[in-house]
Amino acid sequence: MTAYLFRRTLFAVFVLWGAVTVVFLVLRLVPGDPAQLILGSDATQDEIARLREQMGLNRPLVVQYGIYLGDVVRFDFGDSYRYHSDAMGLVMGRFPLTLQLAVVAMAIGLVLGISLGVVGALRVNRLADRVVSVFALLSQSMPSFWIGIMFILVFARQLHWLASGGHGGFDRLVLPGITLALPLIAILIRLTRSGLLDVVHENYIQTARAKGLSERLVIFLHAIRNALIPIVTVAGLEFGKLLGGAVIVETVFSWPGVGRLLIDSISARDYNVVQAAILLIACGFVLINLVVDVLYGYLDPRIRLGR
Amino acid sequence: MSSPADPLLSVRDLHTSFPIRSALLRRKAGAVQAVSGVSFDLPAGRTLGLVGESGSGKTTLARTVIGLAPPESGQVRFDGQDLLTLPGADLRQARRQIQMVFQDPYASLNPRLTVEQIISEAWLINPGVVPRDRWATEVRDLLARVGLNPDHADRYPHQFSGGQRQRVGIARALALRPRLVICDEAVSALDVSVQAQVLNLLADLQAELGLSFLFIAHDLSVVRHISDEVAVMYLGKVVEMGTTEQIFTAPVHPYTQALLSAVPVPRPWASPQRRQIILAGDIPSPMSPPSGCRFRTRCWKAQDRCATEEPALADRLGDHSSACHFPELPATPAGSK
Amino acid sequence: MDDPLLSVQDLTVRFRTRAGTVTAVDRVSFDLAEGETLAILGETGSGKSVTAQALMGLLPRPAGQVAGGRIVYDGTDLLARPRSDTRRLNGTDLAMVFQDPLSSLNPVFRVGAQIGELFRRRRGASRSEARRKAIELMDRVGIPAAARRVDDYPHQFSGGMRQRVMIAMAIALQPRVLIADEPTTALDVTVQAQVMALLAELKAEHRMAMILISHDLGVVAGVADRVMLMYAGRVVETGGLREVYETTGHPYTRGLMASIPALDGPRERLVPIKGSPPDLMRLLASCPFQPRCEFATDICGTERPELMPVPARPESHRAACHHAKEVATDVVPG
Amino acid sequence: MDRPTEQVLPRNDSKAADSPTPGDPPVAARTRVKIGRLRIIASLSVIALYVVAAVIGPILLKYDPVATDLGSRLKPPGTLLPSGHTAIFGTDQVGQDVLAQMLQGARVSITVGLATLVLAGVIGVAAGIAAGYFGGWLDTVLMRLADVQLTFPSILLAIFIASILGPSVVNVVIVLSISNWVTFARVTRSQVLGLKNRDFVDATRTLGARTWHLMTRSILPSMIAPILVVATVELGHVILAEASLSFLGLGTPASTPSWGTTIANGRDYLSNAWWISTIPGIGLAILVIGFGVLGDALRDRFDPRLRSM
């Protein structure tokens, strides 16, 4: 297990390095001058030259990359041009709000997704299963920004039940939470349902029945544990996507998290904040995946003990 | 050209290993020395039976001979040419004469092709063997030869039963007019009644076409039935080799004796002197075989010497070769008269 | 004579498939006495495993359904009782060992827990007691260092050891009938010998009745008292082991015997059964073996043969063949 | 019947041993096949309708992205405009017909979707074949790259790159291709890995077949169905992703508004003109549902093992 953990951690570090490199490359290799990009089209040549000097853009790419890596390790992403403060600090300040949203969505997604998936599998091809499947299809086919707008239209504008945006109490979390959770619910329903249907045909389920265990025990003890293994992996990946998806939901609901900051910074060309935000989310994603790997190993002894 | 005395296939000190990767993590978990130092000769027109349990390396040996698995070292001489050093064009020419019948009649036929396409694929790949305008006729001939209805050439594999599919597999193997056919558990997946049909078919084909067979199986009675000579493998090594008669009536290696005695026979009362030897323990993992003699962990004769010194395959009793420090004829013949 | 422990009468099982309905088991009847071993023999699709699944209430539902007959265990008809009711007999009265021990063990639970589960869930034993009993059982079925291996997972065992674990689970609650469905087919010959020896030993020790399902006429020869051959879902021959093997009453049994290459004696050309097994979808009201049979006459194509006594031992040996008498007295080839 | 073999990996054929049925969950199988066919026909019809509308719609109903008609602003669906035609789906904040915008948007969305699919598909399938068939360092490099790529939630990567490149149709295609090739690469690779050592491929190999023959005759034909399934499902995803980018103002430029743009514009008029956001959203959802249903139906038909994808 230790060796397994070590390998996974090493991989996480590797992946983070990859993410940092991608951000660097995208910023430096796209057509156009980053300084120009940052300062906008009405900047003077002098201003651009000064910024180039300041950013080290005149040096060879490899050197720039080295400097960049050094800065990243020290969590130094420079200052925000808009707020004149530490970019990463700014992003970190907003992060708890995004996390709050993602955690709520995750909770809703896991509970609804898995339980509806189990219902679908146990009632396969009957009415309940069909209703669940249609719900899953709708949830994954409707654009979340549009669903968010529809929620606002119905629950805030028409019914006046809930606030249309901003952050604050529980009532302001409900709509963005559900909006963010819908695609996740859809994926988990499908995965749970098909996973359980596969597992139920495994020979060890027959063994459990041959032992005289009740059908309830057979399903909830022997089948679900096995069906959960792929769900854990996907749920982990999806948590990362929630962090990304939060960008859209935060925009729709004016939720002042990292995503909102990201979009605002993009339109303001505040690139230091943009990369800080991107890397922070990637970092969160990698950490979550590490946790999932560990959990995965716990759930599946074939991995934990190495085959 | 080779003289009649030369073996058609001659394998010398062949080693093949492959890395084991865990399926989920893609990391190397070790290497299996699947075939470690195997030598044998197969004369033209004869059948060499290769028996062994799982992990004995018999399938890897077959795959190495036919070129599906790269060997580490050793020689595979076919018709006097070393297949492992032969240059490209000559190698293709030589390989064409070695064909294989696979174990699983379901997995070994491409489900998307008709029987005619499956068989004629050999000629598509090797232009010049049969001109295209003769394909249809040749396919019909081959189908008839293996006992199938020639009118079924346009059918797909799923329209045939297991035994019929195996006949299609045999027809495909014959398409290039090979001299050596490797049968890798070719009848193991078949029901007994169908297995007998296919065994008879193979015997007929050998008589008609003068084929040599390298016949791999775990079923000893099948191997006895079809083979002229038999090699017994255990954990990547040949432990005993001789004529079928020698191996089945006078086995000298303890493993061969145990293996023979473990085969269930339908009428045990007909041979009351038959005594079952029940071996202790499991076959060790081929990833970490025991030192010295690989069979010693399950052998009732094992002594200190067996752990330190590996017995070579040699003729110690003046009859046939075995790889045991203490070979002796069984008190009661395992398969008796 | 006492009532048999298990009595199957006219059991019929149908499967609905994409292509239509298949009668996988067709009016199968047999009795099993206490302590007796019955071998059910047959090739692929003969219905032998489906019979076992029906006995254990494990037919894949709703595709497979019992379409008729009775399964009387210890005086009660299992088919007349609700499924949840008969399920409770599994493990304590009827137990089963499956063909593939790896896929038959749950990969995510320790073997000790999987064995101990029987005591915990069925006998209300405590965790530590169940564990102790699991170790005892593992020891009994010949797993070395049981106390150390009790916390291992199935994938850490070899094929033979896994099958021993399966056997330990099957005998844990001392069932009266043990059904072993091809218990050694996935194992190597030397390991097969070990497992068969273990089964024979346990059977004697616990006075269990056993149903041994196999495609291999040799494997069962060492342990079975009686054999029953199935072909195309029907019983074609049944009787004492030696009666059936020596004075064979059905051409199919005879053909099987002649198809097996011998391990000793002269090597002769095999005499296989011609043709292939019938399509279960297109069974007619005739003898299913008729197209492959060398004894077939007109009646075989029109009338389904019932089991009838074979002359030498009419009280116990029966074959479903219009020409059973002829077959039994004809000289057996080979 | 299953007998011991010298397989290193466990094979899962034992289930098929003696039971005459496939292990499939039952129910009247024939009706299911019929339902499957019905699903394919229905979803294809919906998709075809959109394609036709996208092709000929803008010809019939002219849309000018820069035109304004202040007199016709925010008119509800069904209003007869002064220009003489009826705005079936109402008008937007500058007096443009919402239906005309949607028809134009369908053109953009479907074009972007198809272009992305082709680009991502070609790159992904090529990478997947290379990684799966040749293995070794190439496989390691490509798959690590895919892993790293997956550490970015794809929408985030798209947002990032789009924000640097700026809005344009071509950029959207590039951005979405970058975040979608991985799916194709992974599916292709696993297919190739599963196929390249199958017995029937080995059998062809022993006939002397070279790589090109194996690839084109044995391996590729067996891969088409699963790749088709993935492509269908992905097309829906790509169209959604494009709409999301456009919604954020990072997708297509204002001169070629897509559905996402229209929905975003309508946000500010939710209280007095609900239709601007609502109706294009429904239109978009129906198209994506069409692809979803089609993908599911194709998968059930060709390759049920992809179910958990």
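The first chain written gets the first letter, and so on, giving A, B, C and D; residue counts start at 1 in each chain.
Everything that follows uses one rule, which is that contacts are C-beta pairs under 8 Å (C-beta built on N, C-alpha and C of every residue); 3 or more make two chains touch, one makes a residue touch a chain.
All values derive from a computational prediction rather than experimental measurement.
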Required steps from chain A to chain C (each step between touching chains, minimum): 1
B-C or B-D - the one linked by more C-beta pairs in contact: B-C
Euclidean distance of C-alpha centroids - chain B vs chain D, Å: 49
Inter-chain centre distance, chain B versus chain C - centres from mean C-alpha coordinates, in Å: 31
Whole-Å gap separating chain C and chain D, where each centre is the average of the chain's CA atoms: 51
Chain centre separation in whole Å, for chain D relative to chain A (CA means): 21
Residue numbers of chain B (touch at least two other chains): 23, 53-54, 191, 218
Touching two or more other chains - residue numbers and ranges from chain A: 201, 203, 302, 307
Two or more partner chains touched - positions in chain C: 43-44, 60, 100, 103, 159, 188, 215
Complex contact set, residues of chain A against chain C: 201-204, 206-215, 217, 222, 225-226, 229, 299-302, 305, 307
Parts of chain C lying in touch with chain B, wherever the complex brings them together: 43-44, 144, 158-161, 188-194, 196-197, 215-219, 221-222, 242, 245-246, 255-265, 267, 269-274, 276-277
Residues of chain B defined as touching chain C within the complex: 53-54, 161-164, 191-197, 199-200, 203, 218, 220-222, 224-226, 244, 248-249, 258-269, 271, 276, 278-279, 281-283, 298, 335-337
Of all residues in chain A, those that touch chain D in their complex: 11, 14-16, 18-19, 22-23, 26-27, 30, 37, 124-125, 137-138, 140-146, 149-150, 152-153, 157, 190-191, 194-195, 197, 201, 203, 230, 237, 240-241, 243-245, 247-248, 251-252, 262-263, 266-267, 274, 278, 281-282, 285-286, 289
Residues on chain D engaged by chain A in the complex (per definition of touch): 14-15, 23, 25, 27, 144-145, 147-157, 159-161, 163-165, 236, 240, 243-244, 247-250, 260, 263-264, 266-267, 270-271, 274, 277-278, 281, 284-285, 288-289, 292-293, 296, 307-308
